[in-house]
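Heads up, the next two complexes both have subunit A, just with different partners, subunit B and then subunit C.
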Partner chain A sequence: MRKSHRDALVALLMLSPFLVLYIIFVIYPAIQAIYWSLYETSIFGEVFVGFRNYERLLTGKDSIFLMTLRNTGIYAMYNVIGILLALFVAYLINLQIVNRKFTNLFHLVILMPMVVSWVTLGLAWNYAIICNINLIKYLQGVTIDNPLADYILAPWALGAIILWAGLGYNTLLMLSALRGVPRVYIEAGLIDGATGFALFRYITLPLLKPILMFLTVGAAIGAFNIFDPVATVTFGGPGWASSSVTWYASRQLLYALKYGYASTLCVIAIIVVLTLSVVQFRIFYSTERVY
Partner chain B sequence: MTRQQVVIVILAVLVIIFGASTAYLIAFPPTAPPVTVTKTIAATVTKTVTTTETVTMTAPPTTIVTTMPPTTTVTTSVTTSVMTPTAPVAKEIHQWDGLTGGDGVVFDEIVWKFGNATGIKVVRTTLYWNDLYARVSATYKAGGELPPVLLMHTSEVPLYAGTVFEPLDDLVKELGITKDMFLETAWEGCIWNGKLYCLPWDVHLFAIYFRVDLAKQYDIPVPPPACKAYGLKCWDKPIRDRNDYLEWLRLAKEKLPPDIAPAGWTPGDLNNFWAFYGFLESDPFVGSGTEQDPKPDFTSPDAMEAFKLHQIMYEEGLGKVFTWNDLASCLCNGKAFTWYNGPWMQTTFDRLEECPYGVIPVFSKAGTWGNSHVIALTKSAFKDPETLEAVKLYLKYLYTAESNGYWGMHAGHVPVFKAALESYKSFSIHRAMFAAQAFDFGFRYLPRHPLIVQVGDILANELGALLAGQKTAEDAAKSTQEQVMEALEAFRAAKS
Partner chain C sequence: MMSEKRSRGKIIKWTIYVILVIVILIYLYPIWIIFIIALGADVYERIPPELVPLRPHLKGFEYILTNPSFLRWIQNSLLFTIVVTFGSLAIAIPAGYALSRIKFPGRNFMFWFIVMGMMMPLVMLYVPLYIQLTRMKIINTYIGLLIPVLPSAYNVFLIKQAFDALPEELQDAAAIDGAGPFTTAFKIFLPVIRPIVVTAILFNVVWNWNNFAWPLFAAPQREYWTLPLGIFLSTWSYTIDFWKLAAGGVILFLPPFILYIVATSYFLRGIELAGLKR
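Our next item is the complex of A and B:
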């Protein structure tokens, strides 16, 4: 056997545990989802309907799906704001103006939401909002409505909670990106007389552009996958006002027992996420990258 | 300020926000911490050696409790004969149910007592109801093995009778369980295509919870019989239909301050669908058809009036939307005067410190929404003689006045065993009001059709949108009709 074939076989053997699990738990269910998306289903049986489910979703006949798309846009927007906010915070830390102990404390505190599960966070945020509303009423005599019970405000309130929970992780990523900027460029800029904002705008930011684009696309992908915060904070409510696509798919499966339609929603989500992933891949490996 | 100072201030602010918010979320309890009511159950186990299986249970002493402050000790004496099996029995039987709330704790106590009496362990797997239905359906479709015992609802009988549920006619004859021991409506709910597919365990139905302290403070007359039960000023009539309901809410609104809503509602969940049925005099899902072959008409005059009621609630400020957690905190700690909901909330309110709630039975013209928990058996219960013997003992234990009565008294649901009703009614004023709702005012089951849960989901969201002023009654009715017809056509196509 030629050496290259032997090497390829060895590589395949090494990869096989992962590949087997990947095929069983990712590829096969995805193929099954595509198959079932062509059927109308119930406990009594399935009827082949072709692309009718897709037609219903993509022609705007399903107003709830349109609402979940709007919410996904809101959550993606919050994710992007989170990245920019994380960049700002990481930039401040990277200036190394404050002493190390404070920086370490800051890291600890800002990462705390990341280590708490969404089951705890969701329940806690629900009660915290109720408590704070009661506290404000007690202290100020002002009645504030619970934003999580408001059709307009609910997705915005939930997006803010998601931003809060993800800020620590994004800050860490930004900080490592900032520390990866070669010092020589900063020093060259300083020698040429650039200071402060000019340094950031003309030297640091262009060097961060690839990672920023990468994270932004990742934020959009993440918005499509949002499930835990919806399930634990608002249950998609009020009504469907804060539902995400994945939450809607789970409701179609578990409440309506319509696994055909749920599969259609998932297939559309897969297509969108795959497209965004290809974009992300191209950005990351783009020849325009400086380093 | 120097640049260093600015950076320090910004980072310090972030530390305070993040640190304080996370610490607050983890450390501080909610506003209405649940308080465990201490219950001392003195169980006297008398060994009875007998050649035949006997179950003799004495009803617990009746205790009238108006409120349950945290330090109340409720003592229940139970004399239990050891149930000696006469045939080999399985040591363990599995049950799936959805009793995730306070009633689940009560059922734990019941199975614990059964375990003590027989040595048979009942292993309960508790899921949220919709997860349970999905899991049961998926297991059935995949040809998997379900547990011997399922605790579900009457509304699932059309879906699971003949597929997941096994017929029990012969078994109940053998156990000596007869129809006349039960409330007739509950028994009939378990019959499908002429066969008995389950045994009813309770009835749970909607009534109106209200804050007794607010009624006193703002001098709001309360409809009978609740006014007499709670010692309050009486309104001139009971609430018999939706017009009476609106009239009473308007009266309450006049007397309440602006920051207290006359009625609290949860946004877009099944409770709104169930409440909707109390506002109807006909059945818009069945329409002019039958339960087996419905002809839905959600745009009928009766249905339109029920939709309009929700629109009026929003327009006149009679109803306000709160989250479930808000309302479960004793009706938003007084921000809502009433909440139209089921008997399960009693177990929550009873455990809250100083929750002065009351119950008003309503809608005697057509009755409120009702459903029943039912015990059903799957093929697994009959797979071997030992499991079947264990299941038979379990059913014999459950279907006694003592067990069913204990369930009713402590979980709040209305017992279906006729012999258990008196102890339920006399346990507390709130239970007595729910009993009045069941027997004097009335309830009705949802139409028995496999699609009814999906219809409920459709309606729940339309009603949630109405209550939030997002839609008009006409739009909601039209949208409901379109969605229900589409779902029904798909269902018929799949079934054929």
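Our next item is the complex of A and C:
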């Protein structure tokens, strides 16, 4: 047997356990979703409706869907703010004024939400906010409403909590990006008389542009993927006020049993996220060539 | 002049410290609150709220650890974590190796085919997967709960990257010594990337232990719930006291937290090198 044939056979053997499960449980369902999205489920069974589900969603007839899109925008914006905040925090740490042990402690603490279940974080934040309200009532004598239970404030409050949870991760990425800025560039800047902010603005920031772009696209993708925080902190509520697209789709599926409609939501989200991901990957590969 | 500059430096230094300490406090605050509630502090009715438990008790923990439903969910969680972590990596390692080190026709296509799975929004895939499992009549079974989440494109990508970093000479040396392809893969290459495999195991354990979205779809019946799902769905029941729920939240929190404290450097490196996310 030729070596190239044998190699192909070995590769196939090694890939097949993964591939078989991958095709059955990832690729096939994704394709099935397209098929289901053309149907409508009712008590009489499934009825073929063509593109009516898409039409309903894409022409803005579903006000809940519009609300989830608005929320996705809010969460994406928070993710971008989170990236900038992370850049700021990483910049402070990278000045190396703070001692090493304190820096390590700081990392340990702000990365913690990454390893904690959202179920715990959701409970903890609900308790903490009620505790804050009671504290303010005691100290100031005023009663404020729970922002998580307020129609207008809920997505904004939830967005802040999502930012809180992701800040550690972003800070660490930013920090390694800052450390990747070659020393010589900084020294060249110093020789030219640049100091402090100018050094950051004209030398560090342009070098960070690729990773900032990468993370910004990631912020949009992340906003589309949000599920756990919505489920655990607000249960999508009050009403649908803080729902994300994924949460809406899961409710349509598991509670309303509208398989077709949920599948349509799913197809639209997959197309959007895949497109954004391709953009992100392009950025990723072009950054590697820069460094 | 000199002293003015030094005092300015001092102000900057202390400002940074104050900012960072405030950030730390914002991170510890909610965790602290859930801990003290689990220990019986009252932040709901009492004004001012108890920020330190005045009469601490362990009744919440006792309840969770003796309640048959919660015990069942803890068992399910352990099963889910172990089976999915090791099963998923067991199929990801050979796949990652083949993609990285073996030249075969269509390798590039195969790589993108798998990367595509990594890019897809996971929870969105659960929607058609749920429909499919219902048709296959394996919803509410351990097979339906455990098997569909095994193929993780993310793990394959991670392992492939690790193998990519190894030098070509290692393969040549193995070939000269007459090692077959499987010996080369598992006896020569795999031990070299052990740190990455350990990192992958740690992250997978944390992800799977915390995963509640998939059980939410795959396990409508309570005997198949996992601990996070059990606590999540108990939140909406009026028969359970909130300090018991808080205790559940703390029990859910502890295993990954301990793992994180013990193996902090692995977690930090996992994020810095591979950008591992939840």
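Details
In the analysis below, the second predicted complex is superposed on the first by the 264 of 291 C-alpha atoms of A that agree within 3 Å, B and C clash if a C-alpha of one lies under 4 Å from a C-alpha of the other, contacts with A are read in each partner's own complex, and residues count from 1 in each chain.
Keep this in mind: a contact is a pair of C-beta atoms (placed from the backbone, for glycine too) under 8 Å apart; a residue touches a chain by one contact, two chains touch by 3 or more.
All of these numbers come straight from a predicted model, not from anything done at the bench.
Look at subunit A after the overlay: subunit B and subunit C clash there. Applying the stated contact rule after C-alpha superposition, one finds that A:113 touches each of subunit B and subunit C. Contact with neither subunit B nor subunit C is seen for A:248 once the two complexes are overlaid on the shared chain. In the superposed model, A:45 lies in contact with subunit B only, and not with subunit C. Contact comparison for subunit A: of subunit B and subunit C, C touches the greater number of residues. Of the two partner chains placed around the shared chain by superposition, subunit B is the only one that A:146 touches, whereas subunit C remains out of contact.
Of the two partner chains, subunit B is the only one that A:256 touches; subunit C does not reach it. Residue contacts after overlaying the shared chain place A:95 against subunit B and subunit C alike. Legend: residue contacts after superposition of the two complexes on their common chain; A:14 is shown touching subunit C, with no touch to subunit B. With both structures placed on the common chain, the touch criterion links A:125 to subunit B and to subunit C.
Of the two partner chains, both subunit B and subunit C are touched by A:164.
In the superposition on the C-alpha atoms of chain A, the part of subunit A touched by subunit B in one complex and by subunit C in the other spans residues 89, 92-93, 95, 97-98, 102, 105-106, 109-110, 112-113, 116, 120-121, 124-125, 127-128, 130-131, 134, 137, 164, 168, 235, 253-254.
Contact residues on subunit A toward subunit B in their complex (touch as defined above): 40-47, 64, 89, 92-93, 95, 97-98, 102, 105-106, 109-110, 112-113, 116, 120-121, 124-128, 130-131, 134, 137, 143, 146, 148-151, 164, 167-168, 234-235, 237-241, 251, 253-258. Within the complex formed with subunit C, the residues of subunit A that make contact are 4, 6-8, 10-15, 17-19, 21-22, 25-30, 32-33, 36, 89, 92-93, 95, 97-98, 102, 105-125, 127-128, 130-131, 134-135, 137-139, 164, 168-169, 172-173, 176, 221, 224-225, 227-228, 231-232, 235, 246, 249-250, 253-254, 259, 262-263, 265-266, 269-270, 273-274, 277-278, 281.
Across the complex, subunit C meets subunit A through its residues 12-13, 16-17, 19-20, 23-24, 26-31, 33-34, 37, 43-44, 46-49, 51, 90-92, 94-95, 97-99, 102-105, 107, 110, 114-117, 119-132, 147-151, 153, 156, 181-182, 185, 206, 209-210, 212-213, 216-217, 220, 228-229, 231-232, 235-236, 242, 245-246, 249-250, 252-253, 256-257, 259-261, 264, 267-268, 271-272, 275, 277-278. For subunit B in complex with subunit A, the touching residues are 3-4, 7-8, 10-11, 14-15, 18-19, 21-22, 24-26, 28-31, 130-131, 133-134, 137, 140-141, 159, 163, 259, 267-269, 321-323, 325-326, 329, 332-333, 335, 450, 453-454, 457, 460-461, 464-465, 468, 470, 487, 490-491, 493-495.
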